[in-house]
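Think of it as A, B, C and D in the order they're written, each chain with its own count starting at 1.
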Amino acid sequence: MRVGLLTGGGDCPGLNAVIRAVVRKGVQDHAYDFIGYRDGWRGPLQGSASRLDIPAVRGILPRGGTILGSSRTNPLKEPDGVRRIRENLAKDEVDALIVIGGEDTLGVAARLHEEHGVRCVGVPKTIDNDLSATDYTFGFDTAVNIATEAIDRLHTTAESHMRVLVVEVMGRHAGWIALHSGLAGGANVILVPEQRFDLDEVCGWVTSRFRASYAPIVVVAEGAMPKDGDLVLKDAAAHDSFGHVRLSGVGEWLAKEIESRTGKEARTTVLGHVQRGGTPSAFDRWLATRFGLHAIAAVRDGDYGRMVALRGPDVVRVPLGEATARLKTVPDALYAEARTFFG
Amino acid sequence: MRVGLLTGGGDCPGLNAVIRAVVRKGVQDHAYDFIGYRDGWRGPLQGSASRLDIPAVRGILPRGGTILGSSRTNPLKEPDGVRRIRENLAKDEVDALIVIGGEDTLGVAARLHEEHGVRCVGVPKTIDNDLSATDYTFGFDTAVNIATEAIDRLHTTAESHMRVLVVEVMGRHAGWIALHSGLAGGANVILVPEQRFDLDEVCGWVTSRFRASYAPIVVVAEGAMPKDGDLVLKDAAAHDSFGHVRLSGVGEWLAKEIESRTGKEARTTVLGHVQRGGTPSAFDRWLATRFGLHAIAAVRDGDYGRMVALRGPDVVRVPLGEATARLKTVPDALYAEARTFFG
Amino acid sequence: MRVGLLTGGGDCPGLNAVIRAVVRKGVQDHAYDFIGYRDGWRGPLQGSASRLDIPAVRGILPRGGTILGSSRTNPLKEPDGVRRIRENLAKDEVDALIVIGGEDTLGVAARLHEEHGVRCVGVPKTIDNDLSATDYTFGFDTAVNIATEAIDRLHTTAESHMRVLVVEVMGRHAGWIALHSGLAGGANVILVPEQRFDLDEVCGWVTSRFRASYAPIVVVAEGAMPKDGDLVLKDAAAHDSFGHVRLSGVGEWLAKEIESRTGKEARTTVLGHVQRGGTPSAFDRWLATRFGLHAIAAVRDGDYGRMVALRGPDVVRVPLGEATARLKTVPDALYAEARTFFG
Amino acid sequence: MRVGLLTGGGDCPGLNAVIRAVVRKGVQDHAYDFIGYRDGWRGPLQGSASRLDIPAVRGILPRGGTILGSSRTNPLKEPDGVRRIRENLAKDEVDALIVIGGEDTLGVAARLHEEHGVRCVGVPKTIDNDLSATDYTFGFDTAVNIATEAIDRLHTTAESHMRVLVVEVMGRHAGWIALHSGLAGGANVILVPEQRFDLDEVCGWVTSRFRASYAPIVVVAEGAMPKDGDLVLKDAAAHDSFGHVRLSGVGEWLAKEIESRTGKEARTTVLGHVQRGGTPSAFDRWLATRFGLHAIAAVRDGDYGRMVALRGPDVVRVPLGEATARLKTVPDALYAEARTFFG
């Protein structure tokens, strides 16, 4: 039995832990062979692969990133993409493929399995925690810890100086990182893409916080938008050297708006890629390791077209299609809980 | 409406986050009054209490420990305990009691509610994660992160020197911390109380690791026992100045046994109370905050005799009795997963 | 003997450690009384003060910020400022003043001592490490650790993706934080205020790094300027809602310039106030504690008009005037050392 | 020009940073060749070496341990040791040797240089900070940070429970780690090898701390000894399975003594090798990098028989012999400063 592996999409702490668990379990218990494809779907598309054995995965558990590299290449959009992949898999004598990725990468796996009979098992990966078929994905806990630690540090200044402190965190379409880190860090305002915000309301929370003699901390997801946002951000977007709207500027933009409306000085922290780098948290390593072990179990059982998923404390298997069916966003009720701590 | 709060048992990162969430939500949304009882059940027993308002809970979210203090006092074992508690609750005009604690503390709450009609809502707390009615308890993730970081650091030495490195972690009756931190840290042996270990097998793993030119890291829960442990530990216990068996010595004992059987030098790290101190992880603050919000919701609904619990990503309510019904230990199947990485 | 204390200027991890050491030593060994003035020089100017005793300083050692508050108030610029200060000190029966602050705050202390006979002892404080009279100031090591940890995390992405990663760190006039964190973090380019940078040279380093198949990490101090900077930044400054040049935008500006010149995607991290918050590093607590102990020794010796300073591993006393004589900037030779690792 | 490198003695965070700086600077600026000897002096003794180039040192800056391995082999005690080393250096065409190590390793270098004309440059390394010729050595700051973080976490329990918390840290002959981490962590008792402690006095501090309603934290260096220690420890040593005195047990021994004398429960944390592992602190990476750059400068200048050293913020060169002349221990005056915070 020979199993191929690939990692696609943005990097995410825990990818290496999955790879290690897959190879350790597969080699030791089942004597499988492993091939690692380079750079996501580009690997099987171009036939770029190399052997993976136990020495190759030694020491990678605590390391962020992926030893296989990654890309956003979509073979379904490449001329002859499916045929080339099938030929390369056949040439490499690969019997099954373990695909580690997010919505896009797994969507390809689902179609290759359903329409072309490629034997795929999926492992969900998204730092944003926005896949609906699993309670959590690895990488998310690490990102939340990093953002929370940054908010913790800002409280010091918030206690000594009368400044508004704005922290921009990741989350283009789902506000999970903002919600969790904002709650854990004790932020005074949390803005998520799921709920368009009202600048006047934000300034109200800021002002009420100052009245209690504390400086406010505002956590904003990079994809959060004001209620009249299209107009405003088109204007902000003019600053972008590439001519397209750059959502990553919302933190700085918000700080300026709060300054001009409340008359209070505002400072911005933009965490950027710091959130997706470095060693995974213990939870993410544990989850990624278990996902790897269960992915091999699915291969052993010949249970293809499936994705491993976390349900409560258990790892289960769900149809691959489910992973890409729906974006998991922050529900209104959960955001309402967080509002308890605003202002 | 006046609500009493108490925290019982060993301290656990996240207790303060529960207290803060309860008070913030209760005061702001429901205009409840709050009374904090000192030192667990000793507070209502002795009538030692003080007002809790929003200023009192400011800034406590990131702090370990509990501003209410804690104790292991069991009022059911005190003369006239129940009567004194009921009198003090009546004197303080307390309408409902939110009890934050582990098996013992919640067991008292369950009996007071069932047998004496005291209106209690429980919040589960155990750093060992051994309560069966909830997927996770706060404090556990923090402890696992601390233990994992220690194991990470030992890998450096394990790569440069040919020594056996033994790490003793918490867990008298359940091996969750050892299992999770051992898996996350890439330990070569993990020993838990649920599975009596065979010293020869342990030494076999140690030796096979050396053969691969790496030094082994052995994670051992403080409650782990060798197969012929009763005899052995009675001997080790002789060193104890109090004359009773002291399980906390298993790490040092194991290091010496491995040294004498394999001829390899062994060094021990005993993390001790370091694991239960300091600021809670982001996950634990999030979980504790949500537990607090949902405990207040149960009070608002008049839903007494219940405990909040985590099920997947959701907080639910379960009967208080369930919390204390059964110790949640590491199942064989999960321990078998971990064995993939032994040796 | 009654001693007054105040903390002035921007907050800096370690201020509380100084206050604690001063009070502990002064009360226990010399039975001094202490008064804490609020918000820097505003305190003695407005007579805003309160008693400081041992319970008041309990638990503050590991906390960032300052329990006394801070401000940038300069009493020499206030009408009648000196007279009001002297009257308030007399009214409070303060025999000596321990002044903890940076160039501005200590400059006031120096003039009050020299020209008006106010008995002052200074403790140097600047997160930027730019005071010439001392080897190091507390707060700096903490800031460097935080910035280095952020750079560490970015390396993960730098290994998996082909992006330019720009990190903006503190340092308006001196590049010490950029230099130390850039060296410690293994940055590929470090830009400091002391050396105007050439954009073409920066892009050259970026490109050569990509040629070696790694993504470059660029650390830039907030006060760094391009060679033709006045023109360029006047343009960038147009984005500022207050109409003045906002140096804090240099990271984002640089990322855009590199993108447009090299065609490579660039992402920015702006650490902002995160660098000056949170718990002080062990070194900073040790240094701040020793500064506090030696400040009290100067008071005991009646050695006024002096500032404590670090020289090698020793704490010494230097004239207060020295502290403010000259900005300590990164020397050419040291920057040349760092260039070894560029590109 | 071909330069050999070796690392000897116990591992210490920062060794890899020295190696990287030496090779980067030497190759890029001087076009030197490099050879890395394996496992300290065992490498040149047995002729075990391999080429070191820039790709070989990539990514090692943040990693603890040493890519060259280490040992305590002393070639002066090996039959024909000096001759074999000289032959191997000649065979490898090594023109100069950069020796990174502590007292023992550098002592060999000093003798090889003085008596046998081997061209050596030394780089000081000791986690214990006990080399007299340099203000600080790398590794020390990392160890102090780790120990301080552990003490920080214990404060949480110290506030909630009435227990004595004993932390054993490294330091067999010098108490620098105990002193710095104890001061930075706010310990209530600090015991160092330089000052024999009186158990009654220790128990007095413990009791007085309890009287103030806080639990005491006792930091003890592994080499600390009670006043009547020879007798006591001979007894404790009986527990040792190897039959020799095991100083690493002082923490557990002390906890038991305090328990039996004060009647208060005591718990022990033994950090062990955790203190010398993991990623170096920013300061240690900066110091190690600069030591590496200056070692190459000494080679370039033909300035052999010298060791690089830190003096204030500057790196200087001192005679190799100085490094091993005298153990740098904690002076009485410094220990007296720390006593301010006891009890």
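As a convention for this text, a residue touches a chain if its C-beta (ideal position, glycine included) is under 8 Å from a C-beta of that chain, and two chains touch if they have at least 3 such contacts.
Please read all numbers here as calculations on a predicted model, not as lab measurements.
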| item | value |
| --- | --- |
| Each chain counted as touching chain B and chain D at once | none |
| Chain C reached from chain B - shortest hop count over touching chains | 2 |
| Length of the line joining the C-alpha centres of chain A and chain B, rounded to whole Å | 30 |
| Inter-centroid spacing, chain C versus chain A (mean Cα positions, whole Å) | 35 |
| CA centroid of chain A to CA centroid of chain D, Å | 40 |
| Numbers and ranges of chain B residues touching at least 2 other chains | 152, 155 |
| Chain-chain contacts as defined at top | A-B, A-C, B-D, C-D |
| Contact set on chain B toward chain A in their complex | 21, 24-25, 28-29, 59, 61-62, 135-136, 141, 144-145, 147-148, 152, 155, 180-181, 183-186, 279, 281-283, 285-286, 289-290, 293, 311-313, 337, 340-341 |
| In the complex, chain C residues that touch chain A | 10-11, 13, 63-66, 69-70, 146, 149-150, 152-157, 159-161, 163, 165, 239-242, 248-249, 252, 256-257, 259-260, 267-278 |
